[in-house]
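Supplied in structure tokens, the structure appears directly below.
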């Protein structure tokens, strides 16, 4: 499809370690359209951050081993692209926002210099021009007194400001795709709201496609157009944002949504999913969710279901979904 | 809900409690500064209720919780537990009084000694008190393991064998083995996976019911607090901004900070659009908090007087107090004073 | 903020120096109360009065004629004039003069050792970290365990034996005329360096491997930091990432260890100087020790301590420039 | 997990010396260190039985400067004709005695100071930290030389001086670890339950630092052996005993270099090397075993060298959807052509 900015087919990542192999990502497919924000939702250890790094080709090998059948960014085939050429694409055509800005920024370099670097690398600008652009970029993400803030070190900025710097960094070259890995998790709620607002504006204004990686359903509700729900290395459900909140099909998604307490909620007890996420080295046979699933029966214990549904619409990986995907298709 | 009318004597009572921490540099010649973690907080927790403390990081909520159970000595003010001034007790009586109060920690990974088996961890409080025989302790630990949903076999495992949720269960078992009446839960679920939150919260509430416990629940998640707490305080930079019954506060939030906090909680109700109040700027440092109302720099409706006149908690309706000049207004004297005082040219944000 | 930190550091260094010099003054007095008794036993044919006169003279000469506290005050006054006291050697030379005479020769050894081990260590350490798990890394690991287990003087002896006596590449012993004949001519300088070659080699070997190990570990630690991933995500080439983001941060722990080592470097030269009979501070110290010349020994000790304090202070102040975060510690 | 498995895990925990030794034994390098150290201790104890000649016998004028032979496995000295092999065996006594003795004493003092500074805090902490700062700048070797010349050259004095001036390193490390442990929530929980300082110190803090203490004992013992050899080499050791450092000094003084008597230099060198090496190994392996992050990462790199592709292919194939051929139209069945992707 011409409108697809990111196309990932069958991405797999494994971490061999002394006790066996951690199967972190087990063949995920993603399609992100132009200007769209797709969210990859899951709990810790489900492989969502690893997928993001794998798409950026930033995973260190060793310790990771990574295979993918198809990885296209717009009209660029990145599937077998060598490292050297990948360097020209990162930062320019695809960029990443990391979770913890305190550790994601070099502590001994002024934030201005860290943004300058990206202009100096990807465009033929002089140092002075680069700094000018840096200041403009910082102003765009609503950093007050951008000119002087550019000369401060990361530790001199507040958490919210640091996260804005990361956003400015990612949008510097107006890439085709932004991958935001838990962009607001480390922040306080009021600051979180500010930063999400900035991120959303930047994405909409520049019409940049985004892959949002998060465990926080409320962030998804606020940002995403499409949602991929991941569980133990596999995508278990795919849907448009509204649909997934209104009518989740997978029992896991359903349980997750129900278990999150809401302001507009009736009182206790909370709906709960029993047990915990399986250890990535000891995943159960069959459907990975079956030990925690209220609907599981024999086939669930034996066979992993497929992600089924229309090519571009809702899909669910379950033997007993709450409803069949084609039934709910609007 | 267990009761509506306040007890004649609250279980825990704090009066004008302040906690300051000295910050010392690494060398003997460096200056000392003070962090004003909690300033002038008064509150009452009645028997059997769940009392919420809400605020963002650095607002002093954990320090306040620690001051309640005698882990941090307040610089000023009194803490009365069952009517007894906790910090006026002699060491022995203090130790005995604390038997009734326990704590559940935020991070289940650092709150269990990795060298201890689950049995050793859970029985530790009994062991320290030294009043029970090994068989008694074993029986007690078994009973608690069952209560928190773990197996008998888990007794001889080590914390590293458990997931975050299971570890938190172990922590809960340890905290109730002495049969306390008062339990402080310091963000008990924020370090856990989303799908485990509900399990732990339900477990806590079951235990509360079966053992008639009083909870102080510290959290940054308003939705959780709304659902489990009867009374609550909203804290900002070490001071209480709004307090009262959670029904009253959620039905009618009055303080601009509470409103902003509420609107910033991104509810997953996607059908109705909500207008969100975005606060400007960042939380100031507790080392040098702003004069006047602590919130004025970020307040969307700050007035001139807010910069100099501290706001006091006033009762606006039964079970609902707010510390905001928008509600209480300024007295004539305060207005007169603020006219003489030069307003600092620095604006907020 | 920064300035107050610098002032704090300097004040603290002065405080430590003061404590050290006080210790330095009192330590030799554990054993010696009166130099006259100790160094001038009655000799044959000397009358008691003569002997007492000589003793009194010695006491006055070495300042033992007053109470310990007054001696201490005098000692401090002397220090203000940069006077470390008088040696017990014949001719009563000033301690400072002796140190000044020997110091340059020790510096030749220690400065070259420092420079060589730093550069080589940085290079090897970075390579080992970059080629992690491959033979370069394994080699460094093995070399480091072997080199730590071999004392430097044993290495010196072996070098002296093979490169000096067997292969005759370098002088196995320092030429005794080197110091006396030194006249800044080209030949003299070359002679110094051929003579210094073996001592420097035996001293640097441990240093190179030590610094390599530190560099390797800190480069690996930094490589795992998030900001290195950020730098790569910006599309910076590997070399730029290594140079601008990894090495810069990896140097910080290295700077601390250099600061700590500089002080010990001169002290550590003692044994090597002895092996090659190099006329530096180390041999001066050993000479002082064999003649129980405490003023000289303590003078050297104080000088070395002061040097170590200064080196520590300089690195910590350098740190303020290298790492913008240092002052954060004050207000946490 | 089954019952025996659980019991095994119980056995693997705990902090006793036995478990440390067991863990070391399981590590090939650690085993090497243990065996070497054990042999050296045996040699030191059995020295009078093992040594073929009297090492103190300086009267063998006829046997001066002999090369290594069956009669004298490591030759004899060029000056007095002492048997070097016997000297080497006797030398181990000094080295090990000083090394282990000082190491243990140092560990005790260092741990005590570190725990006191970290746990008690306040004035005690301040005092100890200042003392450590001061000790750091005083040059150790010259100070030891001054003190031995003041107090006499017996081994007791040498050990004493080493202990008094060597505890700072361990104390610093222990102090920072104790600070972490002290603020951990499990200590807080124990405090809440009414634990005394003594209880927390003995049950939570000391066991938490035990691996560091044992590791440091091994490493400092190694360091002290080198330092002792250096002192003896400078002629500042106990003048009555035979030590490896002194052998080297005698070799140099006796013209071993000049006469090409390499065996006279190599033998004590090997002695020093082996003893230091064995203790270093034990210390380093200890660090690897107890610093899981370091252990994990180094073993992963080793693992990667031996990874073969067919195994990985197998892993990746196992991730494939097993039903793909049966249930799905062919657009997905062309998938399994795994290709490497290096990030």
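A, B, C and D are the chain letters, set down in written order, and residue numbers restart from 1 in every chain.
Throughout what follows, contacts are C-beta pairs under 8 Å (C-beta built on N, C-alpha and C of every residue); 3 or more make two chains touch, one makes a residue touch a chain.
Quick caveat: nothing in here was measured; it's all calculated off a predicted structure.
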*asked:* Give me the set of chains touching subunit A intersected with the set touching subunit D.
replied: B, C
*Centre-to-centre on C-alpha atoms, which chain is most distant from subunit A?*
C
*Pick the chain whose C-alpha centre of mass, unweighted, sits closest to the average of all protein C-alpha coordinates shown.*
D
*Centroid distance [mean C-alpha coordinates] between subunit C and subunit B, Å*: 55
_For subunit B paired with subunit D, centre-to-centre distance based on mean C-alpha positions, whole Å_ = 47
*Just how far, in Å, is the C-alpha centre of subunit C from the one of subunit A?*
54
*Inter-centroid spacing, subunit D versus subunit C (mean Cα positions, whole Å)*: 25
*Check each residue of subunit C and list the ones that touch at least two other chains.*
133
_Shared interface positions of subunit B, touching two or more other chains_ = 28
*asked:* For subunit A, give me the residues that contact two or more of the other chains.
replied: 53, 56, 58, 62, 83
_Complex contacts: residues of subunit D adjacent to subunit C_ = 133-134, 136-143, 145-147, 149-151, 222, 226, 229-230, 233-234, 236, 245, 248, 251-252, 256-258, 260, 262, 265, 268-269, 272-273, 276-277, 280-281, 284, 298, 301-302, 304-305
*Could you please specify the touching residues of subunit C with respect to subunit D in the complex?*
16, 19-20, 23, 27-28, 30-32, 132-133, 145-146, 148-151, 153-154, 157-158, 160-161, 164-166, 172, 260, 263-264, 266-268, 270-271, 274-275, 285-286, 289, 292, 294, 297-298, 300-301, 304-305, 308-309, 312
*Any idea which subunit A residues touch subunit C in the complex?*
53, 56, 58, 62, 83-84, 87-92, 95-96, 98, 100, 103-109, 114, 117-118, 121-122, 153, 155-156, 166, 169
*Note which residues of subunit B are touching subunit A in the complex, please.*
56-57, 163-166, 193-199, 201-202, 205-206, 220-224, 226-228, 250, 260-271, 276, 278-279, 282-283, 349
*asked:* Touching residues of subunit A toward subunit D in the complex: what are they?
replied: 9-10, 12, 14, 16-18, 21, 23, 26-27, 53-54, 56-69, 71, 79-80, 83, 233, 303-304, 306
